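Read through the structure below, which is laid out as structure tokens, and then see the notes.
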Amino acid sequence: MFMDTMKSLRDIVYKANMELAASGLVMGTFGNLSAVDRAAGVFVIKPSGVPYGQLTPSHMVPVSLETGEAVGSGLRPSSDTATHLELYRAFDCGAVVHTHSEYATLFAQVRTPIRCMGTTHADYFRGDVPVTRPMTRPEVESDYERNTGLVIVETFRDISPSEVSAVLVANHGPFTWGPDAPTAIENARVLEYLARLEWRARTMVPDASRPDTFLIDRHFLRKHGPGAYYGQK
Amino acid sequence: MFMDTMKSLRDIVYKANMELAASGLVMGTFGNLSAVDRAAGVFVIKPSGVPYGQLTPSHMVPVSLETGEAVGSGLRPSSDTATHLELYRAFDCGAVVHTHSEYATLFAQVRTPIRCMGTTHADYFRGDVPVTRPMTRPEVESDYERNTGLVIVETFRDISPSEVSAVLVANHGPFTWGPDAPTAIENARVLEYLARLEWRARTMVPDASRPDTFLIDRHFLRKHGPGAYYGQK
Amino acid sequence: MFMDTMKSLRDIVYKANMELAASGLVMGTFGNLSAVDRAAGVFVIKPSGVPYGQLTPSHMVPVSLETGEAVGSGLRPSSDTATHLELYRAFDCGAVVHTHSEYATLFAQVRTPIRCMGTTHADYFRGDVPVTRPMTRPEVESDYERNTGLVIVETFRDISPSEVSAVLVANHGPFTWGPDAPTAIENARVLEYLARLEWRARTMVPDASRPDTFLIDRHFLRKHGPGAYYGQK
Amino acid sequence: MFMDTMKSLRDIVYKANMELAASGLVMGTFGNLSAVDRAAGVFVIKPSGVPYGQLTPSHMVPVSLETGEAVGSGLRPSSDTATHLELYRAFDCGAVVHTHSEYATLFAQVRTPIRCMGTTHADYFRGDVPVTRPMTRPEVESDYERNTGLVIVETFRDISPSEVSAVLVANHGPFTWGPDAPTAIENARVLEYLARLEWRARTMVPDASRPDTFLIDRHFLRKHGPGAYYGQK
């Protein structure tokens, strides 16, 4: 039964990684997506540095939530595996995505949050998308990928990862997450859209006024709150 | 006969919404288009939150111009229905479009009108495309979508909605309209083109001189005035 | 024999207009291309306001170089016909193109020349692409399209139209020309490329130094001068 | 055997030039790629000014590393051949690429290095991508293409061409190189991506802080150093 679950999760993760490749959000072999099966104590992630065109479901690598080690023989998991692991440990989410999408990466490189400037942003994220602090030399030189995850978690000390499901790692790039793989990809896609808008806003009107909080809340809750009335029942 | 009219209008609205989806002006399930049959007292609009790939003509929702309620059982209409309703009540138009097209949304987010800086703009809109005032807390917290329509109408107190068939709702996005669905979509498409140009103009030469009014009038009237001489007779 | 010449020229102009439509340099029915047969005293141009998808070679309209009138019955010629006419009268060229390509139009709208900042520019145009002066009220209100042509010609009083085969009409858009239709289109395409680069240069480093004249000359003459050594003999 | 080697190298260079044409990094017939066979003392390069659609492997031109002359009869080699030659003489590389890709060319035109602002840059290039000094009048007026190569080599006096495999020639455009043709193209592609990000960074936050050197080193060495752990073993 464990094998069945893994097969199914591998299929999901394979398909989602291929969708990510087709989305224009990744460059070359960059970018990776994982999804978790918490009952099985395992998440499945893309292997490291294999061109998207050569991937098959069986290449996807199961990793133990407890040990962080690949389960069974097979390919080496994504070099960002330890970052995904820390996000699964700290956040209540079902899938994690890392891309180098151009505009979100830009904001990461200049360490500037993506402000919530309108209803499109508020339909997805309830507030600014934050940037992590720069990592220290010890954090970079040892256990770099794990520390990347920890510094993300630290950034969400006072932010709900369910209300803002995205982060920019300083001088690196974006991570997004969600209850499942399609939602995590959708969040990566919307994040890129919002980053494009925000870059254009800042280059044209650097000191534009923010929208009122009651407008943000209205839109976020219209789609995500208990009284949500967007879409079909 | 009412059923025939509705079937035909549903077909028109379905096809126009699909064209909108293919235009690149909408993102995900965002964006909606409606068209009105004033004799029948009904307009037809896209349902709320259904992926474009799953839509069929029968999903389109007829709404009463008098009550604002969906006519007959069926899907829930777009969450922006009450906004469309107020535009049909106040403006002499046959179709309304709402998109989140990137550049027009940008101008809405920074509350900056799209100035009329050249003949391409004047070929379509006789003057600046205005931004609504920010909505108040009571307007947002109760009857939000209807109040969105009312604040648009208020913006056109001194502007002719036939000469400028587009508006930017503050921190939200653009609405356009026209005598029929293709023209309303064309206006949305041109608005996005003009917003791109204006953003680039403002980031390069913020204080560029405006063209003379007689040049604007010449172009608008060459295509829209009584002595229009553009196109075939 | 006149009919044969016209048939052949109509085919050329039809094909070139369709290539223009596919190039992304025009929007909707905007944009037009003409080509001249000086021996026959006629140029052929696109008709006004017909969607590109409906055009056929027989729709192309021959116009007399002497009278500026359409020759024979048929469709109304492009509303910009009188502009093309004045360019054929003043410049030694075989084809004229008008587009609303986005970046070139932007420079026209903010009345800013496209400076010659590098070798890519110099490979095509030997110096800045100029902007016309704004037209006066009388020029706009009567014989507008003819006056557009005259104001372009005035702009080239001290510039060789063979060395710089492009112009920006103030608050309007670009015209390009060349010995034949493919070259005129190529110039429109390159102009747009150069406008994109120049816009990005001006938004990033407004006061960048210009390249030395000997570098410009080297590149222009390597392709266009008597001792040209680019391409195969 | 020399003929066999040449046939194989011509095939490689032909295919790589076609890939370059499809990459969006070149415009028209601009752009060229060569690859070297050091044992045979020959590199093979694209002919000058032939449209990509007409190229075949047999059009590729072998050039002697010793004399810089085309070997055997055939087409005239790319006008940039002498530049490639000097790079092969000075750098330990197997292939050279020249493009007019838009953003990299922009940085060349405003003589601004592409700073290393994040991990995506560091994954490929260990430090800023430099700009050559402007060339002098004698350098431009005689042996221009050879001097272009020499001025590139001069720029790398204190930079390792293996760690930074790209350069911007002032007011001209980018050259990249690598151990083989696919890597040289990949470097051209990544350079363009990095130039886009850096242009957006500079227009938004001109004085953004640079990342720490230990972060750059970590990423460069994770992929390129002796202890590289990216990809499969």
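Note that the chains are named A, B, C and D in the order they appear, and that numbering of residues resets to 1 at the start of each chain.
By definition in this document, contacts are C-beta pairs under 8 Å (C-beta built on N, C-alpha and C of every residue); 3 or more make two chains touch, one makes a residue touch a chain.
Quick caveat, the model's predicted, so the values are computed rather than measured.
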Third chains touching both chain D and chain A: none
Most distant chain from chain C by Cα centroid: A
Chain D against chain C, contact positions shared by both copies (same if over half, else different): different
Chain A and chain C, separation of their C-alpha mean positions in angstrom: 48
Geometric centre distance via CA averages, chain B-chain A, whole Å: 34
Shared-contact residues (touching 2 or more other chains) in chain D: 203
Touch-based graph of the chains, sorted into line, ring, star, complete or other: ring
Full enumeration of touching chain pairs: A-B, A-D, B-C, C-D
Complex contact set, residues of chain A against chain B: 117-120, 123, 186, 190, 193, 196-197, 200-201, 203-205, 208-209, 211-212, 214-215, 218, 222, 229-233
Contact footprint of chain A on chain B as seen in their complex: 27-30, 47-50, 75-76, 79, 100, 102-103, 105-106, 108-112, 134-135, 137, 140-141, 144, 170-173, 199, 202-203
